[in-house]
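One chain, chain A, links the two complexes that follow: it is found with chain B in the first and with chain C in the second.
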Partner chain A sequence: MAGKIGEKSLLSPFMAFFAAHCMQLGIGHLTFQSDVAKLVGQDSWIVVCLTGIMFHLVIWMMYRVLNKAQNDIISINQAFFGRWAGNVLNLFFLGYFLLFGGTTLRTFIYVVQVWLFPDVQTWILSLILLLLACYAVFGGLRTVIGVCLFSLIHYVLLPLHLELVPYLHFNNLLPAMDHSTSEMIRATQKMTFSFLGLEILMIYYPWFKQPQKSERWVHLANAATTLFYLIEIAASLTFFSKDQLVRVQWPTLALFQFFRLPYIERFEFIVVTFNLLRAVPILCLCLWSASRIAKTITRIRPSRTVPFFAALLAIFAILLPDYSAINQVHQWGNLMGNGLVYGYIPLMFVLSMIAKKVKPA
Partner chain B sequence: MMKGVSALLIVPFFLTSAGCVQKSVIDQITLPIVAGIDKGPGSMISVTISSPLYKGDGESKIMNIVSTAASRTSQKAGGILQEENQSPFHYGKLSVTLAGSELAKGGISKALDSTLRDPRVSKLMYLAVVDGRAQQMLEADWSKQMEKGRYLHQLITNNIKSGHLPPNNLHMFEYAWLGQGRDPYLPLVKLQEKKIKITGLALFDDDKFVASLNDEEMKIFRLLVEKTKTGTFEVGLNTDEYVSILNQHSQVRYRMATRSGIPEFTIRVRMKGMIREITAHKLKVTDPYKRRVELELGKSIIDTGEELIRRFQKLGIDPLGFGDFARSRTRHWDEVKWREQYPHLKVTIDAEVNISGTGATK
Partner chain C sequence: MNNKNDDFNEKLKMMAGSSDFLIFEKRSNFSHPFTICYFKPLVDPTILHEKIMPLLNVNADQSLDVLFAMLPITEKKLTSEWKSVEEGLLKGYAAIRFRAEGNQTLIVDVGKKEGRNVQAPEIEFSVIGPKEAFVESITANLNLLRKRLPVPEMKTKEMTVGNLSKSKIAVCYMEGITNEAYVNTVIQRIEGIDFDFVLDSSMLSEMIEDSKKSIFPQLLDTERPDRVAAALGLGQFAVFMDGSPHALIGPVNFALFLVAYEDYYLPWHMASFFRLLRFFAVSFSIIASSLYVAATSYHYEVVSTSLLSTLISSRADIPFPPIIEALVMELTIDLLREAGARLPSKIAQTIGTVGGIVIGTAAIEAALTSNVLLVIVALSALASFTTPNFRMSTTIRILRYPFLLGAEWLGLLGIFIVFAFLLVHLLRLKSIGAPYLVPVYPLRLSDLNDSLIRLPYSSFPRRPSFLRTRHSSRKSVEIDEE
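Then we have the complex of A and B:
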């Protein structure tokens, strides 16, 4: 199948960095501090490191499978499990990416509704964001990766944390390793949610020039995410007392409440708006992957499926009324993601080690 | 061509979608800068909002319109106030909230819930406890030139920056209130003959106002809280000989040792200062004299500090955060056990003052 993709639409391997990094820093990034601190308090930063290392392992396994088959996961599924069962798995992937996109859309809109405009309707923002996403997806994969550059906005904002230094209590990081192993494992499961998104590379794999070279960029993306989360968790743990952090809805945004400029009293409003922009590339990547899977399974053109999936996402977003519903969906997403990362990928790794040569589908 | 046309069609959509949220024009909204909360009748909260009114001409350009309403929730009280205000309230600029002492004694957290919940209210907002009723203070006429909220905001800011008031804001209050092994404190303000004065510090047990420090005690308290670079301290050598020392730099460090089960704390305070004033006749500052002043000031820091800590222990409050410090140094720290231990802690202060200069006079 790799032969079918024209040379012109192929991506450079380094673009894998943007795709992976952008997918990882999604909704999990907004809330992970309180979720993890609830379980392990001051040891949260260790959990962040642990999860980062787990994901390096997952990437390694993922690329062993992909490199051997030199194809995307859609075809690998079909080759391993037969056409019928493979397609059921592919449908699961399709559903997973749509869920990923849908929760991202709804959560980011919810943040805007709480923080900026309580009276804005969900459908208006969904429509705007999805129109933008569809527009980018129709521009082709290269445009989609271009949009991913938006996700780097938070690096520009990171130095603003220096403003917090007078408020930091470094004692909050002590005593280290004060929690049991089972607590750490449970926290790692929670933390996994914030690292999810790399799986999308399994769909994009054949679209890279010399796809095996993209591996190191994905590793780099994961390392960057880990480092970024480490900074965020350290800032949140030292800035808030533990019980306070657990009560905060979005610690990442709350940290920006303390930055003040003479001409901008409330800087976090700008951060919230920037955040909304970060939802667009995630939506693009999800829509593109979903339509790609649909095309391989049913041969329906992406120009038909992308608007259909976008409409599905919009309906999904509108149907989620409040935070408890959104939270519930986060938990499903977390469960599916955990299964995918710690169950499915290792399984595929073992299978591909055993299989002598993958037959072309 | 078709693509261009369809892209153009989107433009009116985006233009109209801008009308999807309510507009707020700065001239048509009220931005209260200071609000007060008091205990109302029964279990009600009485909310006072002082809204600025800009007249733009003549002697007094700014006026405050003070209105009060009581209800069970502060949000509803705000709604009642809205009914007598011509333009909608927006709380984004709220910079100071005053709590009446009666309310503060019964617990302040219920009344503060709506402020903590609303992301539009800045976490940098100051909180202060009023010796008396907040409503009374906001209704009194003590600020001719300035809007009352801005006046209070500046008063507190300046006292933190160059006075003796330990830093404080809504976030720090919440931090200490929710944090384990730590209790919050807030500035205590009082209305004195048409003037507002910061008279000391209000100390809290959980969220209840239980005791207060006067401004002399607050000075020493601040030295025990954080690194400082401000403040003037006075030492009496004889009945008519007083020396005033400017604090140039002070550092504080906590240490904990556990012997026989109960933790022992040592607080090490180091201060570098400069003599600013001596009320003695034609005195030349010699080294032994300097040494005497240094020792006297060090002794007064130790005496007052230890006396304060004993008082905290008796009240069972922990504004200095000994518990938090112990938590960070103890594996599996237990708050319940700590509470039992707290009154029996042994705390010693080790203070040393170093006088580096005597000003422009020898």
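Then we have the complex of A and C:
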């Protein structure tokens, strides 16, 4: 069904790195330190490693399923569960990606409203960002992944962490492994939210030349994400005391408040701005995959569905008035994501091991 | 037959309706009368009288065939079709007809070759390197190119565009190197042009570019024969047009517009330094004044105290908000530039005095603008002029206005939003089907050695991979394909 991708629009496998990495590094990185520290305190960095490893496992299972079927998850669902049940699952995916994009959009705007412009209207920023995302999505997948590549510019801010080194207290990391297994598991579930996004590769899979080869790039992307979060969590844990960290709502931005260069201060303003480059690729990737799912199920052209989904995202963003509502949606997203990553993908893995051969849908 | 002959004469008579068309019939003391006709302004009378008339007077009793063989001119044709006769006449050929041979007409090129001599390049001047630039004549231009590429692989394909201007166009490429897909695309697009006047390669370039909505040039125009020769060697194609002293090169990418050809004649360290300098100049020129507006309107906190006091003291007496101040100054610079471009060159010198000294100093004294902004605007104007390509430099000058508006709307975030739009636009843009941001995206590591930096020639064993050449090795010894 999705096998009609022209040779010319196929991408090199290493581009999977950018798609996966950008999708993971969403808005979650602004707050995850305090969320996790609330549960496991100084052991948070272990939780980050654990979640990273879990995701490597998930990627491995994901690729076993995909490699066997040589197709995207939309067709696999249809082949495994029949047309109707499969499409219901696909609709779930569609909703999941829209929720993902909508949450990212609203959280980004919320951060802007808190830190930069309290008066800016949600709808106008949503409109502009979604226009931008539609413009990119209409350029095709190649353009979307190009946006991902350029969004990595935000890494120029990473070396600033070196300036913190004299102020870090590595004693804060002790005593290590001081929490029960159930606490660690709950923290891992919490942490999963910041790692979500790799699932999008299940939609993009057939768009790569020799798609099997994209697996190592996705692993690499996950490793890079883990490393990035490790740096962030280590900096936060050793810079703040545990009690302080739990109370800080935006630990990453609070860290950046501390930096200064000879002529530039208040780095958190710049960080908030750079977050635009994290939000836009996620919006593009989500809109693209939602329209792809819609196209496979209903054969409606993306030129119609993309503006429609963008409008849905805008309405979604406008309907969330404050942080408690946003947080509530985060919880839903986390629940769905956890179910997807730790329930659905292993299930598909087992099913695909059992099934002798996936018949083409 | 006779009827047709009359038809031919009718058409010639019709042309004679224009008083610069001359029909000269010689019949009195000859048994073999002949007619010769041509457009007076187009032909060179010396050739006509020294080479053709003596031959004609003596050999008028021979047939046209014999005469054809005897004429000491290469561009000649024996035809009986009115269409080619007409075409020839309009290009400066003379048509010779013997009454005895009916419609058979001998057309021979006696055209006047008027035009500039080859001069030094003015727009892409270089201190080191050859000092020849293209002129308006396509023959002279192709001659300059052929001299640099004395190999039979260099092919040209000639075409004519413009319903009225009938401009001659030559697409040049290297057989066995250039990817035919690009050449075919450009030929197809040129053939698709349906317009009355195509007078310059810049017009042509607008008509055949991929995206007509974009303000970015998608074909590189150059006046340097060495640059065109090297581009052909790399696997690009070049389009020449009669009447235009600029050739178009494609497919190109963004980085190529920041390349001055002198970079290849300077040592590679210096070349790399200048290229990086130009890249930073372009970035600075686009966002400097909008950063000023963002900082002074919204983000006082981001600027450190020592710098802030300078900013505030310079702005203390200014009655306008930063955006008005910046827009006025930017527009002033563009006014100066436009006035300088429109005025005759002798008067244009006064523009420098008026603009630089009078407006600059007076504006600050009158507290219309802060001196910090004046320095920023002047520097960014200077920076934008480092762009080697004229069309790209105008693009960059225009780009700063959206950034200014973005900065006024949402400060730093607004600048980033405009930047993101620009980025997506560039990502979508193509030059004859090749992505515009290559080699950065799609990432081609092997092409990076000649993009924002230029490494030594020994590091270029292959032609740029984004050109998808038929033969990628640049050496006579084959390199193994990876």
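Here, the second predicted complex is superposed on the first by the 355 of 361 C-alpha atoms of A that agree within 3 Å, B and C clash if a C-alpha of one lies under 4 Å from a C-alpha of the other, contacts with A are read in each partner's own complex, and residues count from 1 in each chain.
The working rule: a contact is a pair of C-beta atoms (placed from the backbone, for glycine too) under 8 Å apart; a residue touches a chain by one contact, two chains touch by 3 or more.
As the structure is a prediction and not an experimental result, all values here were calculated from the model.
When the shared chain is aligned, no partner comes close enough to touch A:K295: not chain B, not chain C. In the superposed model, A:V114 makes contact with chain B only, not with chain C. In the superposed model, A:I270 lies in contact with chain C only, and not with chain B.
In the superposition on chain A, A:H154 contacts neither chain B nor chain C. Of the two partner chains placed by superposition, A:R64 touches none, neither chain B nor chain C. Of the two partner chains placed by the overlay, only chain B lies in contact with A:F240; chain C stays clear of it.
In the superposed pair of complexes, A:Y167 makes contact with chain B only, with no contact to chain C. In the superposed model, A:T143 makes contact with chain C only, not with chain B. Contacts of A:I128 after superposition on the shared chain: both chain B and chain C are touched.
Residues 117, 120, 128, 260, 265-266 of chain A lie at the contact with chain B in one complex and at the contact with chain C in the other. Residue ranges on chain A touching chain B, taken from their complex, read 42, 114-115, 117, 119-121, 124, 128, 131, 166-167, 169, 171-175, 178, 240-244, 247, 254, 257-258, 260, 265-266, 268.
Those residues of chain B that touch chain A in the shared complex are 10, 14, 17, 20-22, 92-93, 119-120, 122-124, 167, 171-172, 174-176, 178-180, 182, 324-325, 328-332. Residues of chain C touching chain A in their complex: 298-299, 301-304, 306-307, 410-413, 415-417, 420-421, 423-425, 427-428, 435, 437, 440-443. Residues of chain A touching chain C in their complex: 12, 14-15, 112, 116-117, 120, 128-129, 132, 135-136, 139, 142-143, 146-147, 149-150, 260-266, 269-270, 272-274, 276-277, 280.
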